[in-house]
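The two complexes that follow have subunit A in common; it is paired with subunit B in the first and with subunit C in the second.
This part shows the complex of A and B:
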C-alpha cells in the first residue's frame, strides 16, 4: 500500500468527526444571535456553514491564482494541475455557499434570490467566471498553449474574489460588512472558526482527490500513447 | 414557505449531500480511469509478448 493511500481514509475519518462536532456545536452550543435585525434566529445558524463554504471557495480560487503565477514562471505542469484541481473544488464549494445563502435569504426575506444584493450578485459572477474556467479545461485539448492561456485566465479571474468579498462595503447589500460585530459573541466566533477549519480541511481532502485523478488521467494518456507507438 | 428550522435542515442536508455526491462522483471517475489504465496496460503487455 502506498503512503498516500494510508493517509486518505484516516484524513477522511478525521474530517467526518470534525464535521459532526461542528454540526453539533452549531445546533446545540451556539446561542441565538443577540441582534434583533435577524428575522429568524434558527435559520441564522446556516451562517455557520454558509460562511466557511464561501471562505474555502475563496481559498480554492486563491490557490488557482498562486499556482497560475508559479506555472507561468516555471512552466512546470504540476502547478497547472494544481490550478485545475483547485478550480474544480472551488466551484463546488461556492455552489454550495450560494445554495445555503439562498435558503437563508428565503428565511429572512421570503425571497431566494435578490439581484440588488451586491455580495450575491458579485459571488454569482465569480461562480460563473470559474465555472467557465473548469468547463474550458475539461473540454480543451490540453498542451502547453492551453495551460498558458488558462494560467493568464486564472490570474485575471482572481480579481472577482476581492470584488465579491468587499462588495458589501462599496455597494448596497443585505449581507453585513466583513468584521461586523452586531451578532458576533465569542461563542459565535468559536463555532465559526471550527467551521472554517472543517471546510478548509474538506477543501484539502477534495483537492488531494482531484489531483490523484489528474495524475491517473495522465498515466492513462501516456499508456495510450505507448500503445499507439508500439 | 419553510420555517427557520426547515431552512436550516435543508441547507445542512444539501451541503452534505452536495459534498458526498461530489466525493462519489470523484470515486466513480477514479474507478473508470483505473479500469481503463488496466485495459491499456494489459494490451501493452500482450503486445510486448508477441
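This part shows the complex of A and C:
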C-alpha cells in the first residue's frame, strides 16, 4: 500500500466536513444583504462559493505557470506532473466559477451571460486558454517532448492573460467591485475567508489525488516496459 | 550576425515559395472560399454596409489564412528534416524565429491584400480613401497574430495533430489581444463605433510582449 492511499480518503472526509461547515455558515450565519441592492438575497449567497472557486482556479493556473518555468530550467518530470495536474484541477474550478457566476447573474439580471463584463470576459479567456493546455496534454505524444511543449505553452498562456485583461479594460466594470459595498460586513468577510480556505484546500486535495494518479500511471507504464523488455 | 541569418532564412523561404507556390495557392483559395461562405450565408439584401460586419468578415478571413499560413512554415521544415540545419547554423534560435516570421508575414500580408480586393468585388463594397489605413491595420494585426503564431507553430511542429493544435492553442491567446482590437480598429476606420488609437494601444503592446516571449522561449522551442 502506498502512503497516498492511506491518507487520501481521510483527507477527503476531513475536507467534506470543512465544506459542510462553510455551507452552513454561508446559508445560516451570514445575514441577508440589503434587499434594495440585490434582487435575490438567496442567490446572493452564491458569492460565498463563486469567489473562492475563482480564487482557487486562478491559484491553480498560477501554479501551472510557475511549475512550467521550473520544469524548463530543471527538466525534472516532477514539475511537469505538478503543472499538468494543476491545469486539470484549475479548469474544473474555473468552470464551476463560470457556472455559479452565470447562475447568479441570471438571478440578478435575467441574463446568464454578459459580454460587456470585463472580468467575466477575462476569466472566460483564461478558461479557454487552459482548456487548450489540457487538449495539448491529451494528444498522446507523451514523454519529454510533450512536457517541454506544454511547459512553453503554459508560460505563453499565462502571459496572455494580463494582455487579455488589458484589452478589455475599456469595458464597463459590471462586476461588483470588491471591498466597496455595503454587504462587506465583518460576518460576510469571515464567511468569505472560510470559503477561500475551504476551496484552496479543495484545490490541494484534488491536486494530490491527481498527482497520485499520474504517479500510478507512470509506474504502470514502467512495469509494462520492463515486461516487454523481459 | 543575427540579422544576417534571419535575412538568409527569410530569403530562402520566399525563394522556395516563389518556385513551388505551395503556400500561396492554398492560402489564396482558402481566402476566396471563406469569403464565398460569408457571401453564401448572409442575406444578400442585407448588403455589406454595416462597418462592423465588413470588419468581422475581413478578420475572420485574415485569421484563418494566417493560421493556415503559419502552420506550413515549420511543418515543412520538420517534414523535410531541414530544421536541424537551421538550428545548427550560427546565429541563434531567435534569428530562426525572425527569418521565418518575415517570410510567413510577407506571404500572409500578400494574400490578405488580395482578400481585401476579393471582398470589395464579392460584396460590392467600396472602401474609398481609407483603404490605405485599413491595409495598415491589417499589417499591424497580421504581424501581431503571426508573432505568437510562429511560436505556437514551431512548438507543435512534431505533433501528430499539429494543424488542429495550432488552431486550438492560438485562438484563445490572440482572439482578445490581437483579433478583436483589429476588427474594432477596422470597423472604426470604416465609419463604425470605436476608435482606432485605443485599439492600436492594445495590439502594439501585445505584439511587443509576444516577440519578447519568443525571444525568451525560442531556444527551448527549437529543442528536439
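In this text, the second predicted complex is superposed on the first by the 206 of 230 C-alpha atoms of A that agree within 3 Å, B and C clash if a C-alpha of one lies under 4 Å from a C-alpha of the other, contacts with A are read in each partner's own complex, and residues count from 1 in each chain.
Throughout what follows, a contact is a pair of C-beta atoms (placed from the backbone, for glycine too) under 8 Å apart; a residue touches a chain by one contact, two chains touch by 3 or more.
Every value quoted in this text rests on a predicted model; they were computed, and no experiment measured them.
When the two complexes are overlaid on their common chain A, residue A:46 makes contact with subunit B while staying clear of subunit C.
In the superposition on chain A, contact of A:213 is made with subunit B only, not with subunit C. Judged by the touch definition given at the top, the superposed model places A:72 against subunit C, while subunit B stays out of reach.
Contacts of A:153 after superposition on the shared chain: subunit C is touched, whereas subunit B is not.
Put simply, more of the residues of subunit A are touched by B, taking subunit B and subunit C as the two choices. By the touch criterion stated above, A:223 is placed in contact with subunit B alone, subunit C being left untouched.
When the shared chain is aligned, subunit C comes close enough to touch A:139, but subunit B does not. When the two complexes are overlaid on their common chain A, residue A:128 makes contact with subunit C while staying clear of subunit B.
In the superposed model, A:107 lies in contact with subunit B only, and not with subunit C. Applying the stated touch rule to the two superposed structures, the subunit B and subunit C interfaces on subunit A have no residue in common. Taken in their complex, subunit A has these residues touching subunit C: 72, 121, 125, 128-129, 131-132, 135-136, 139-141, 145, 148-149, 151-153, 155-157, 159-160, 163-164, 166-168, 170. Listing the residues of subunit B that touch subunit A in their complex gives 1-5, 7-8, 10-12, 14-16, 18-19, 22-23, 26, 29-30, 33-34, 36-37, 40-41, 43-44, 47-48.
Touching subunit A in their complex are the following residues of subunit C: 148, 151-152, 155-156, 158-161, 165, 168-169, 171-173, 175-177, 180-181, 198, 202, 205-206, 209, 213, 217, 220-221, 223. Interface residues of subunit A facing subunit B in the complex, by the touch rule stated above, are 19, 23, 40-46, 49-50, 53, 92, 95-96, 99-100, 103-104, 106-107, 110, 202, 206, 209-210, 212-213, 216-217, 219-220, 223-224, 226-227, 230.
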